[in-house]
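Chain nomenclature is as follows: A, B and C, assigned in order of appearance, with residue numbering initiated at 1 for each chain independently.
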Amino acid sequence: MDYFLSEEQSMIVEIAKQITDERIIPQRAELDRKDEFPRDILNSMAQADLFGVPIPEEYGGFGGGCLDIVLALEQLGRGCIGVGTAFAASALGVYPIIISGSEELKEKYLPPVAAGKKFAAFGLTEANAGSDASGIQTTAVLDGEEWVLNGTKQWITNGGEAQIYTVVAITDRKKGPRGASMFVVEEGDAGFSCGPKEKKMGIRASSTTELIFKDCRIPKDRIIGRAGTGFVTVMKTLDSSRPGIAALGLGIGQACLDESTTYAKQRVQFGKPIISFQAVQHILADMAIQLEASRALVYSAAKHIDAHPKDMSKVSSMCKVMATDMAMKVSIDAVQVMGGYGYMREYPVEKMMRDAKILQIYEGTNQVQRNVIGQELNKEYSRR
Amino acid sequence: MKIIVCVKQVPDAKDVRLDPKTNTLAREGVQSIMNPYDQYALEEAVLLKEQLGGEVTVLSMGPPQAVDVLRQAISLGADHGVLVSDRAFAGADTWATSYTLAKAIHKIGDFDLILCGKQAIDGDTAQVGPGLAIQLDIPFVTCIQKVREASESELVLERMMDDGYDVVAVSLPVLLTVVKDLNIPRIPSLKGKMKAKKAEFKILSAEDIGADSACIGLAGSPTQVVSVFPPPPRGERAVLTGTVEEQIEQLVEKIAVYL
Amino acid sequence: MLIVDSELCIGCGVCEESCAFGAIEVIDGCAVVGDACTLCGACVENCEVEALQIEGAEKSVQADLDSWRGVWVYCEFRAGTLAPVSLELLGAGRKLADARGVHLSAVLIGAGTGDTAQRLIGHGADIVYQVDDPALAYFTDEAYGAVLIDLIKKHKPEIVLAGATAIGRSFIPGVANSLGAGLTADCTHLDIRLDDGALLQTRPAFGGNIMATIVCLSSRPQMSTVRPKVMQAMEFDAARQGKIVNVTPDPVLLQTKVRVLESVVFEQDDVNIQESDILVAGGRGMDNAKGFELIRELADSIDAAVAASRAVVDAGWIGYPHQVGQTGKTVAPKLYIACGISGAIQHVAGMQSSETIVAINRDENAPIFDVADFGIVGDMYKIIPMLISKIEGHRKS
């Protein structure tokens, strides 16, 4: 369908498409097999200015909106959401600085990320704080001119690969959620280290590690915003980033539809290509319907967010749920259409199905998203 | 360093087919692309510019729509683009083409280095690069697979040979033709695409470059195509039957003459 | 340019059909010429109402065409070795020279050529111009070009052939351009038109999708580079007589701006794939570098050289000199065994003139089977080892 993209948006799509077709697709199986971080591919994205898309123009970026980043991630997701996740996580890592950071922090950290010279990561999750962020144990205590961080973050995307980490720590336990703050930690800060790479079901090209803080001392001015505003920043960050996750779902959905339809046209059984059987046609038709409906919602949500940045929670959650549930469903269907071949590692849909699962889990499980949507509905209808 | 890169717009070979009934090239859905070898030449020029400073001008000869490849070159890091285009150039073989390009380069002005792809995938002649160097009276080295050292005055290069490679040193100005191993061409950047969108290109006619009408187009071409025909069809594929093992046995018998 | 007389044109469309380049279109009942026109003249010949004509500056014809006589072959000698294509060209040149009733001469340029000149005579040359000088030990376009240009100007041959090798395709274009001579690259067929002595040079274009026959009527010499492995060398005959002319080049000709610092010749197992009679080629279907080892094993078992598709070279399983296809080398061995190569047009362009093509692929729909003479569908890891053992069995019996 024609979504009447602007000329600049079409350029973003073209660039991301070329990177996907020429760099990601030829390498994705090997990256998956070797659990290998796609540094070369990310470097070519940097050279193509993609890292600058979400960063404001005054800090060396393109000041792109939600839809711009969605379009890029959709293409990357079509190739490999492991690579897409590594890219998206860098943007996620600097959103807190863009949203709440001081001018000094912005000037220091945004230009190298916009240029793709440095990668970023976002540290929220802990062993006892996933969907329930209030369980955070990591602490930050002001000691003279320095903050002292202690604690361990878990499952942090780009861990060990990023140079800039934005992390949430409790600065005042008594205040509950209002006692959390965000900080910038740099690779090489004393007392900061990353754990070994986790072994995952999918998105194996992305790096996932613990972030370990043992009396990690950082300068006082590395706090993002005022003390106690950490949760607000986290929520706004996740609201902004969720359509990107939805976009990865669109990419995977498109890839699954492409692979299985192409296969169904070639595969001959009972003397005919299997696409001539209604049983197969209906599966493919349902895949296409769900994919296009999801795309329409994700693009509309992204445009809404660009136009109404203060009213993004509900639409952001809605598009994440719909597109990622679609991705899971469609990838399962793609494997089904391709039968035994689909289940084999030499065909790409096996990996897509493994990869798709994470989309329903990370950046807020789809159950939590539904909670958010439900709560927003409750609020809206109370105001009537 | 002033670098000129010669690029050609060619039909994408994967689309090209000769219709055996009409003897014509099927033109439906044939995309035009920048000749693949020229992409390596352009990338090397941009890398040298990034290393040593200077500017990169891309030059193409072709119909007006060949500005598309110049635009693409800008998105990939070139600074300027020039197209030589004139109906009077039609029918040019490699001699007339190298004459025309040399004339255009004289018009463009000073240069230190000229880079060309080894050959264009539509003609596969590999003659225009060396011919252009002769017309400009500068040395040339073909099939460069690696630039080992580069300075404002001298280059140390690896040229690919059939049985290995030679390491050669040459002072500037020089013309090089390049092969695929040289580099991995970049993907256009967003800034580059935006610049390309606004870019304007000089279009030079035969008169603009002061070409002698006896040296261009068909008149300036020593060679002439007398017929074009499809290659002889290959025989039908022989059918091997039975289990894989039986098929292999039959195959070994069939190819035994070569073993 | 191509002129359409709109008064005479009846819009029949014959020209449109006869144009190989899709450059003519009939619009509103009259032919319109587009930018793709190469002035090949096919339409002019086919137009029944003579509405088409090619106009432009007259091609000037060299005055002394008939004073150019003889067929020459540049015989490539590098690092102590004569390129095999040189002997093939002597075989082809012999036929052309006999058809024209002229001498066949070989030009041998290099250092330490030993008895090579005598070999060239045994393979068909009447005269060998031997330019043996230490300054020519390494190939340079400048010195080799200058020496050959000088000889051509002195002796005025009507035809000059050279191998379409790295060296031939490098300096011959410079030589032709300096002389203002017509040059046709990568010829696969040569013939003489008896009435005017025109060399009919046939070569593939557009990746082998079309063939074109090219002539050079208005100037001499007529020059061609010819692909290795397409012409037939004559058997060596020690009794053949010929003349060796030792040429001492003017030192000015040997001055070069390009300095060769080092010449690296690959080891035996990296032989030039264009000169090999049998090639075993591997593609993406070999899965990984380890799987690709099977290709080497098969090649070793039949004394073949190893070739590869672009995907494999890009993945780093083997070096670029082994790449066959559009951005690699064009090969025409007697036997080409393609394993796990899907057969994209870019690859096929580089190998479709092989004498016999065998394809082994797990995908029965792979386009490689369209050009194959023999095909086996199945698992590479089963088929290749079985093939190796059957070949060994065959050899023993």
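Just so it is clear, a contact is a pair of C-beta atoms (placed from the backbone, for glycine too) under 8 Å apart; a residue touches a chain by one contact, two chains touch by 3 or more.
Fair warning: this is a prediction, and the values are worked out from it, not measured in the lab.
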Clusters that remain linked by touching, chain A excluded: one piece
May I ask which two chains are joined by the most contacting C-beta pairs? B-C
Based on mean C-alpha positions, I'd like to know which chain lies farthest from chain B. A
From the Cα centroids, identify the chain that ends up most central relative to all protein Cα atoms. B
Rounded Å distance between chain A and chain C, as computed from the means of their C-alpha atoms: 53
In whole angstrom, how far does the Cα centroid of chain B sit from the Cα centroid of chain C? 18
Roughly how many whole angstrom separate the Cα centroids of chain A and chain B? 41
I need the residues of chain A touching at least two other chains; which ones are they? none
In chain C, the residues touching two or more other chains are none
Which of the residues in chain B come into contact with chain A in the complex? 186-191, 193-194, 197
Chain C to chain A touching residues, read off their complex: 287-288, 311, 314-315, 365
Which positions of chain C touch chain B when the two form their complex? 1-2, 17-22, 35-40, 42, 54, 56-60, 78-79, 83, 138-142, 165-167, 169-171, 173-174, 176-178, 180-186, 200, 204-219, 256-266, 270-272, 274-275, 277-278, 302, 320-321, 323, 326-328, 330, 334-335, 344-346, 349, 352-353, 356-358, 369-376, 378, 382-383, 386-387, 390-391, 394-395
Which stretch or stretches of chain A touch chain C in the complex? 26, 30, 266, 346
For the chain B and chain C complex, residues of the former touching the latter: 11, 13-14, 16-18, 22-25, 27, 36-37, 62-65, 87-88, 90-91, 93-95, 98, 121-131, 133-135, 139-143, 145, 156, 160-171, 174, 179-181, 213-214, 217-231, 234-235, 237-238, 240, 244-245, 247-249, 251-256, 258-259
